[in-house]
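Look for chain A in each of the two complexes below; its partner is chain B in the first and chain C in the second.
After this line comes the complex of A and B, so read on.
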């Protein structure tokens, strides 16, 4: 009798394990959804801090996961550009005679006073190259069922030693991210909503980023318009073009 | 015979002993007189540096700037600042004015970023405010309207720049954006304050306004007053003037009211007074010791005088007068030597040079002792009093010795 019960249980469990999705698969699906060949975004960055609200408009161009150009269009920052290449971040200011390459401690500085640091923009590799991932279970975020995936850095050099992502089970987009230091202190929190489908990709049109080290501060990113997989000149992402 | 005559005769009778007493008192008086002058100069230097580089004797800011200062709140600024300066300059007690913008900045050079503090200043005002031209060790003052900068000597050394080189300053703008401008170094300056040499660079005010996108505004206006003017009184007058002009957003404080600045001076004063007190006690003990030793040595002589008929009170008075004469001469010589040392040093200064390296307090490398007539006179009378009173104890004790006992020991 015991043998029969065991055989039945094993028979029931095998298909379940075969159907179960692994953490690696979830991350792959996430990246497949979020990474585009090219993209052009017209957006606004809204910084809320103790001194009030500050809005900076920008246009960004992206190619793949690791190349991006952000050009600020609001009066206060007009002409300022940030170029992210595979390994570097460069800043262009109209009144500076040289390009500024961000490196070392400077990467920890805030981008335009926001809760995002230049370091947050780095990292050309895929998440699986940089982190060991583990599926912790499922949780609901704002009513959306999500996979809870924890990630631990495989090696030094990544901005955050540990991260936890809540990835939408259906849309494969992250709904929430917690980023931690090596000591386990929560450093950043990202919450995404207003998910819309554009050219077959699920895109969060609204994101709120909080640097927990800053009191009474948060930064919102709002996409006004996004175009995906459009033709972009390769020279857009060159240093020569940046100074024009 | 009069006691004073006998006392004078005693002094001249044993010249070596008298000379010893005079020299000991003179050295102690000289040391105290010089120490007082040095500490006075030290305090003056500290106050002058705070007034010149930090708070002024009166400082005008936006009323909310101070409580948010650590957040670099450039938006809490003095708008239309030239109108405020006009109002300030109407007050006859104001000697010099300096409108400024202080801001944290990153200096980008050869792919490295160095942290520094930028200061936007109007070089026309600054010339009068801090004799900036005299402090330039290489190059010239920047010109207003041009992307030129003056850099502290140690900061220049750390970054590896010389006059003619270019640097790019990156900073957070007034609206918490980011901006960068490339400046050419036109001069290297040696400030008397180490902190300025290590971290500061000065740029034309209009260029700082462009970098920080602050339009026609500054973060503070500091001023120096004519000698004898009361900071709090003039600050009160300026508050009334600003209020009448509808500038109620401004906060006007005399340096005594600026907590950090004044408390720093107060703290320094307490420290220096303690130093002076210990030195004072040390010098006093030298005077007391010398006087008492000289009198104890003469116990037998005192007994003999008693045996010859001089009463106890007269003996004590005799030795008191003798000590008074010696201390008068010693103190006078000591104080005069102290003045003689202080006067030239107050002109050329005492250079502490490398000893001040790494010291972050707002003290100049060169200290100019300042002669204070009041403290010098005090030192003179104090030395005379201590030496004279010190004679009372041994002489009254010795005068109690029975003449027969004193004569037996002869």
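After this line comes the complex of A and C, so read on.
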């Protein structure tokens, strides 16, 4: 009798374990969907704060997960550029003709008064290299079923000690992210929507970022146009292009 | 009179250009206007209360991916207008390199206030405008090339050709013009081995007939740091004493600390050391001391309000120029500015309470549009 019950239990458990998805698999699928070989984005950054609404248009070029050049095209910031490489962030202000290398605590500065810091742009490693991940369950975000994955830093050097991501179960794109300090204080909240499929990738065309340390402030990113896996010259991601 | 009329003509032409520019999307005009009222102590018995304005008019070319041009006029506005062409350059990008010709900013070495690696412009003057956002903002007539070698490294050869002194020539057509031996020439190499920016360069200064090599380093180890050094060697009859006297080292530390509620506090400390200059106080000769410091503390309360305290300190004669200031960005592009500068020291020191401008208070508006 015992053997029969045992055999039945094993039979029931094997398919269940085959169907279950681990937190690691979810993150791998997320990164497979979100990381592109190359991309060119034409977008708008909209800062909502107590001064009102400020719109800054930009064009960004990206190569892989860790290389990016952003060039602002709106009149007020025309020619301002940010270069992010695997281990460096540089800024170029055309008015001052000044090249600034962002290092150390300066990375915590806000990008042009937005809710995004330069630190938010750093990275270079995959999430699984930097964080221990754990599947906390499933929840719905704006009607979309999502995996709730918590992440805790494996070592020092990551901008946020803890993160919780709500990852769309079907599209493998994050719908919401909470980023916390080591003490557990919520520092940033990101909400994504308007998901569209481009060249086989699911892309959120609208993102809202809130720095909880700032009162009455939020920053929206809107993608007007995106081209994926297009040929991009390596020289785009250099100090030469940045200071041009 | 001729100069005044010429200045007026240039200004009127520029204003007319700005007026018609919106019709031409190929150009980007911008104006930065700063208007200040200042109360300053002249001597023991008298004060002065005056207004002064500064305007920066810039026209930049846009849209062309391979050619960039800029024309900038700096004006100082009081009872009359003084005009300076602070930028006038064209940059062209060719496959493998780019070149610049005209009057452009060039930044060699490292340093916000003290930069021994800047063999082009030299030391920041002791009378620098401490209320300016950028303390080193000079431009020079140049022809240069920028040859990228990798993501972070490049070579920049440069020739500095003196500009014609037009105003002098208009007054006196027989006035002397720059000679063929006056230009300066050199180059620099920049790389980033092991995360440290390394810059080495050389400039032959034609007018002074001297060779000026320099070396600069910049990195981050808990704090941002930089270190630069240079010497000047006369082309004719160089002596060891020339090397010793011209040898100088500058260094700097910078840290930005985020505080609660979105505030941030930044600390900057820079120093300039000239080992062979005077290490003791000299009565009546305060021009060349061996050690100078530039400390600065800045508190950004939020995105719109910044307080700063900066100073040039001469530890040898124990004098200092101390400036406390505030930038309050009320509307987009609009700031209220307020500064209080005090010279602490005796009359024979670099800075002195009894010197003109021993204490100055200025307050005004700045608008960029």
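Heads up, the rule we're going with is that the second predicted complex is superposed on the first by the 232 of 244 C-alpha atoms of A that agree within 3 Å, B and C clash if a C-alpha of one lies under 4 Å from a C-alpha of the other, contacts with A are read in each partner's own complex, and residues count from 1 in each chain.
In the analysis below, contacts are C-beta pairs under 8 Å (C-beta built on N, C-alpha and C of every residue); 3 or more make two chains touch, one makes a residue touch a chain.
Predicted model only: the values in this text are computed from it and were never measured.
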Problem - Clash or fit (per the criteria above) of chain B with chain C on chain A - result: clash
Problem - Superposition-derived comparison: chain B or chain C, residues of chain A touched - result: C
Practice task
Determine, under the contact definition given at the top, whether A:211 touches first (chain B), second (chain C), both, or neither.
Solution key: second
Practice task
May I ask you to decide whether A:238 touches chain B, chain C, both, or neither, giving the answer as first, second, both or neither?
Solution key: second
Practice task
Identify the partner contact of A:93: answer first if only chain B is touched, second if only chain C is, both if each is, neither if none is.
Solution key: first
Exercise for the section: In the overlay, answer first, second, both or neither for which of chain B and chain C A:27 touches. Expected result: neither
Exercise for the section: In the overlay, answer first, second, both or neither for which of chain B and chain C A:108 touches. Expected result: second
Exercise for the section: Would you check which partner chain A:85 touches, where first means chain B only, second means chain C only, and both and neither mean what they say? Expected result: second
Exercise for the section: In the overlay, answer first, second, both or neither for which of chain B and chain C A:70 touches. Expected result: neither
Practice task
Tell me which region of chain C runs into chain B after superposition, given the options 128-136, 146-154 or 164-172.
Solution key: 128-136
Handout entry: Overlap of chain C and chain B interfaces on chain A (superposed complexes)
Key = 49, 51, 54, 76, 95-98, 101, 103-106, 109, 113
Exercise for the section: Spell out the part of chain B that touches chain A in their complex, as residue ranges. Expected result: 68, 71, 73, 75, 106, 108, 111, 113, 147, 166, 168, 170, 172-173, 175-182, 210-211, 213
Fill in the blank from the handout: Residue positions on chain A within touch of chain B in the complex are 47, 49-51, 54, 56, 72, 76-77, 80, 91, 93, 95-98, 100-101, 103-106, 109, 111-113
Fill in the blank from the handout: Listed in rising order, the residues of chain C that touch chain A in the complex are 28, 30, 58, 60, 62, 68, 91, 93, 98, 104-105, 107, 134, 137, 146, 148, 150-152, 154, 195, 197, 218-220, 222-224, 254-258, 260-262, 264, 302-304, 331-333
Problem - Residue ranges of chain A touching chain C (in the complex, touch as defined) - result: 49, 51-52, 54, 75-76, 78-79, 85, 87-88, 94-99, 101, 103-106, 108-110, 113, 211, 213-214, 235, 237-240, 243-244
